[in-house]
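The data blocks that follow each hold one structure.
Both complexes shown next keep subunit A, but they swap its partner, so subunit B is in the first and subunit C is in the second.
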Partner chain A sequence: MTIVRKLVPYVIAIIASFAAAGIFIALTGANVFQAYETILFTSFRTPNGFVQTLLKFIPLTLQALAFTIPLTAGKFNMGGEGQMIVGAIAASVVGILGADLPAVILLPLVVLAGVAAGAIWGFIPAWLLYKFNINEILTSMLLNFVSFQIIDLVATGSLRDPVAGHPTTVQIGQGGFLPMLIKNPPLNAGLILALLVAAGVYLYTTRTTGGYELVATGANPRAAAVFGINVKRMFVFSIVLAGAIAGLSGVIEVAGVQHRLIVGLQHNFLVLGVIIALISRGNNLAVPFVAFFIAILEIGASAMQRTMNVPIEMVFIVEALVLLFVLLSDVFRRR
Partner chain B sequence: MDSLVTFLRLTLLSMVPFVLAAQGTMLGGRTGVFNVAQEGIMLVGASLGFIGSYLAGGSTLVGIAAAVLVGGIFGLALAYFTTTLKMNQFVIGLSLLFIGTGLSTLIPKLVIGVTLSQPLIPTLQDLPIPLLSQIPFLGTVLFSHNILVYFAIVLSIGLWYFLFRTQLGLELRSVGENPNAADSLGINTSKHRYVTAILGGMLIGLAGAYLPMVYTGTFTEGMVKGRGWLTIALTFFAGWSPLPVLYGSLFFAGIEVASYRFQAGGIAIPYQYLLMVPYLATILVMMFTFRKTRVPGFLGNNYDREKRSL
Partner chain C sequence: MEKEAILELRNIRKVFDKNVALDSVSFSLYPGEIHGLLGGNGAGKTTLMNVLYGLYRRDDGDINFHGQKLNIQGPKDAITHGIGMVHQHFLQIGSYTVLENIVLGTDVSHPVTMKLSAEAQKIIDLGNRFRLPVDPNAVVDTLPVGTRQKVEILKALYRGVEVLILDEPTTNLTPQEVDDLFESLRVIVNEGLSIVFITHKLREVLHVCDRITVLREGRNITSLTRAEASEEIFVRAMVGDQMKIEGSVYFSHGSMANTAVDESATPALEMHDVGLKTKEGISRLAGLNFQIRQGELFGVAGVAGNGQRELAECVTGVVIPTEGKILMKGQDVTDVPVCELLKDWISYIPEDRLHDGFLPKANVAQNLILGYHRQEPYCEGSFIKWDTVYDKVRGYIGEYKIKTNGPEDPGGNLSGGNIQRVMIARAFSMNSHLMVAHNPTRGLDIPSMDFVYNKMLERKETGASTLLISEDLDELLLICDRIAVLYRGQIVGILARKDFDKYVIGRLMSGIQAEETADLRAAS
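== the complex of A and B ==
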């Protein structure tokens, strides 16, 4: 019964935002109900559509977790995008330079390099927060813009694939590819990694002492400090862990999906990750489910743009509105 | 000498979006409303400024009015959700940021459709001040700009006078420092928060409109390029004061212009390094100034008069 009651505001939020978007869709002159149908069911019509949805689900889940973990400690990581990019860069540089290594060695190296790079990129704002007390929201966000230039530098540098029109590196070694779960349509083992990470984060925050300290820090830093928790260290740890997870999402894009570094691989993942995290209200258990829902919308949105000429941003507005309505439902519950 | 004149002139020209957006941020912050949606409001301001001008047959005035109006609406939304509904300011700011970003690309697609190249609008004319613009050196650097450059400077001085030399300004600042005390003196805290958030939003929207109206003549996706976030940093280390915001904007604009001019100058480092400079420089400056800066005491918080303690 309680779970049903918890879901009610979400259902209302979704209906309300679809209704709002319907007005915009009608303005474009498209058939509103056909648009809804495309958005909601493209993922389930074909095996390819479903696999595409899962491939979106992987980075979305990881990006959302990269936001919820620091959020648990009361901090905001806005650098998921940059951490993903440097993770992808490290993974592809290692994958290209070690192209001749066998898979047993290369694959772990690729994954570790990417995760470590993401963690380091997360460590910068964490350290600035720890040492200089600089607001982590700003620094993590500004580092995203730095990473956009670094990826451009790498993809147009000596590793560039001269044949590709768009800035892209050459392929990483075969040994660095993530194993495939399904060959056609291609689904890589990143799905399992993402689910393991999601489960791990959930268990960590709910079942371990360290996780409890994280939650306590977020709930009331002063009380936590009184009880002997090193609050500032928890802040650093949570942002570094988030960076590592965001870095992993970059690794999976490279080693699992593209097998090369492509400028622009981060798409809109940061914003969607934050939306997912906030719709989940920071609840790590809810994150994968919300991420799956958003993945469905995203795949439906591209299909809608292709077949009906309705701009893809329409769905982005829907997602932002769902978030706003979910947040509003809190206000009305308070009364 | 010539290149110095050009550099200073361009710095003044590029200072405007920073000044407008940062004064808007500062104004809201002075009553405790911390806006983090700058990037989104600037984008939607740029988008509507462009569309408004385009639909009105190239009328700059209509474009500016559209941008200011939409900025005001975003400010109003921020004030309503945080001041009346008492929701978390950062989370609401992010939601507005996302909605603004989405609308900024959606609206041109709906109005103009998807075209190979966007249409152009006329950019703002330079308005040399008679006599003053004749002065050698200073005339070119200071007195022959578009009207928004003058507006940005006058606005900064006006805001300083208003906030630190008038009764109303003092009341307004008290709301951001200690709303409890302000409330007990009969100051309407909600009204102050609404007014500053809306005016702040308008300025940020105008800052966005400056980009298509002066730089490019058209709207492109993501054209604000992090300026909104840089603005927040700028406001912080300007200590939430109007005049330091003005000087700080000159500094930011100087870095921006320098990094572009180096690029055009054909210096043998990859341009990507130059494009990183504004963000890295900002982080560096924050390292040295962040601890010392003064921040309004109640920044980012919502005042609930029915609660006993803060």
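== the complex of A and C ==
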């Protein structure tokens, strides 16, 4: 009963946002119902569409978790993209340099390198916060721009693939590829990793003493400190863990999907991750479901652009409106 | 009563969400009287007066003033009609002078040059007339609480009010200041004004009021003149029929038997020259030396802001003192942080429940295990045993009468009194050698206060000690074995139960070291 009641505002928000966005689609001169049909059902029409949706779902889930974990402790990680990029860079550099190593050694190295790099990228703002009380929103956000420069440097440097038209490195060694769950259309084992991480985060925050301390810190840091919780350590830990998870999303892009480092692999993942996290209201259990819904919209929107010439940005309007209406439903519930 | 009522409130109703705060309450005020509005916390006293003063809109009912229907939209309206209110928390600008605070928001004779000599003279005249002597040029921050209250009353009188509402005016005053206040109030009503005196302290109402209205759970129970009624009638009206007054600590006049304290055992707490300085080098606590025996209920009195909070946090390990040593049962715990002390050693009821003790975004169960979440029986290894926690929490909700929908109810849904019950349930739920309780009964109704006192007295029987820091002197006099007085971060006197005298303590609270207290200290 309560679950149904919780879902009602979401359903209303989705319907309302589609209705509102329909006005904009109609203004572009396209058929509104056909556009929505494309957005909603592309993912389920062909096996390829479904696999594409899952491939989008993986980084979206991980990016959203990289935002919700610090949010649980009351902190904002705006550096998910940067952490993803450095994770991808580390994974590809290790994958290229160790190209001759067998899979049993190379694959774990690739994954570990990417996760560690993301964690370090999260540790920088966390440490600045711990030591000097510098606002983590600013520092984590600015580190994204640093990572954009590093990826340019790596992809155009000695590891560059001279044949490719776009800044790209050469392929990583075969041993660094994530195993495939399905060969054609290609679906990699990153899906399992993402689901395991999502389940682990949920169990951690709801069942363990550490997770309890994270929740207590976010609920009222002063009271948590008075009752013996080291809140500054919780801040650091939450942002480092978020960085590691964002780093993992970079690893999966490289070792699972592209098998090389491509400039621009982060496509708006930060903004989408934040939107998913906020629509979920920070609830880690809801994150994968919301992420799947947003993945459907994203895949459907690119199809809409191809077949109907409706700009892909239209789906951003839908996503933003869903978020707005969900947040509005809070206001109404309080009345 | 042949006199005509100056002010009448009829069938006032006020609902917050689903809580009925006032249910058809009526109240009338005659000219030249001090009318006590008596009731426990949550009875609706302040809400009723806030409705009159225009801070809340009433949902139903009429206000008649001088026989005319009044529609008050806000405090400004109320003041123009001649109704003034002095709140529990003063609304003053600390860096301004008394004069500037009083004229703030009124029209002055020289608005360009701000020459305020005429206004200053008016304030001096008012002060003389109503026996509220205050220097108009003193800066408010430098004044003691008792004087700041006079400023607040003068502020209302300056605006020419006919009806003055005082919300719990004796909180934070020393007994001497309370006597002064009562004297001024009598002068004020003799000049023809009327006063509404909101309080939860029965003895004060009986002392100063002409008529008394008792509220309970948002209804008015009775209105009587002082001469008409005995103390028992008011007690019964305040607490209702459920509570047994005979067994109550609250109404016992402090005469309940105190079990003897074992003097030979190692003290539960020893403070050796404990001091605390801020980073800037400002001294908050200095040279604290005292012991709390096992099984002793040790009280700390003082006007708020004299180092009570720092003392509580040093003892609990929330902050580490910069000087001196703290021993518990002979063991040095000066540097032991609060997370270690919460294991068996201490339990803590912080003063500022909203900031220091409560997680509004977490649920009731999560709130009740805060600080104990790494201890048996709540956890096993790294995992919290939520089934056990919920079972225990359901028990606490019943025992401590926390009004909530259950363990999973968000903390933000609880009222102030219920949040306080959560603080108390948490502190009493685990064994501790020393409980540090800072204003533990703030916001509780009388039966709940009584419950807390009984729980504290029960601790004595098991040899557990309690450090009770309270702004309510009556509470300390009621149950403590000894009372220490804190003034500007120093202990200026410790009195044993046989020497309790509220005027002696009052003098110590205002920093006056009287001869007899010096004698007392020499004797002990």
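Please note the rule applied: the second predicted complex is superposed on the first by the 335 of 335 C-alpha atoms of A that agree within 3 Å, B and C clash if a C-alpha of one lies under 4 Å from a C-alpha of the other, contacts with A are read in each partner's own complex, and residues count from 1 in each chain.
The rule is simple: a contact is a pair of C-beta atoms (placed from the backbone, for glycine too) under 8 Å apart; a residue touches a chain by one contact, two chains touch by 3 or more.
Note that this is a predicted model, so its numbers are computed, not measured.
Participant: In the superposed model on subunit A, is it clash or fit for subunit B and subunit C?
Facilitator: They fit side by side.
Participant: A:Leu285 in the overlay: touching subunit B, subunit C, both, or neither? Say first, second, both or neither.
Facilitator: neither
Participant: Using the touch criterion from the header, give the chain among subunit B and subunit C with more contacted residues in subunit A.
Facilitator: B
Participant: Taking CA centres after the superposition, what's the angle at subunit A between the directions to subunit B and subunit C, given in steps of 10 degrees?
Facilitator: 70
Participant: Classify the contacts of A:Leu323 with the two partner chains as first (subunit B alone), second (subunit C alone), both, or neither.
Facilitator: It touches subunit B, and subunit C stays clear.
Participant: Determine, under the contact definition given at the top, whether A:Ala164 touches first (subunit B), second (subunit C), both, or neither.
Facilitator: In the superposition, A:Ala164 contacts neither subunit B nor subunit C.
Participant: Just subunit B (first), just subunit C (second), both, or neither: which does A:Ile229 touch?
Facilitator: Only subunit C; A:Ile229 stays clear of subunit B.
Participant: Once chain A of both complexes is superposed, is A:Met314 in touch with subunit B (first), subunit C (second), both, or neither?
Facilitator: first
Participant: Which of the two partners, first being subunit B and second being subunit C, lies in contact with A:Ile105: first, second, both, or neither?
Facilitator: neither
Participant: Pick out the closest CA atoms of subunit B and subunit C after fitting on chain A and give their distance in Å.
Facilitator: 7
Participant: Indicate the residue numbers of subunit A shared between its subunit B interface and its subunit C interface, in ascending order.
Facilitator: Dual-contact residues (subunit A): none.
Participant: Mind pulling up the subunit B residues that touch subunit A in the complex?
Facilitator: The contact residues of subunit B facing subunit A are 36, 85-87, 90-92, 94-95, 98-99, 101-103, 105-106, 109-110, 114, 225-226, 229-230, 232-233, 236, 270, 272-273, 275-276, 279-280, 282-283, 286-287, 290-291.
Participant: Name, in rising order, each residue of subunit A that touches subunit B in their complex.
Facilitator: Subunit A residues touching subunit B: 24, 27-28, 76, 128, 132-135, 137-139, 141-146, 149-150, 152-153, 271, 274-275, 278, 311, 313-314, 316-317, 319-321, 323-324, 327-328, 330-331.
Participant: Which residues of subunit C touch subunit A in their complex?
Facilitator: Where subunit C meets subunit A, its residues are 313, 316, 318, 337-342, 348, 350, 355-362, 366, 369-371, 373-374, 379, 382-384, 386, 411.
Participant: So in the complex, which bits of subunit A are touching subunit C?
Facilitator: Listed in rising order, the residues are 207-210, 212-213, 215-216, 218-220, 222-230.
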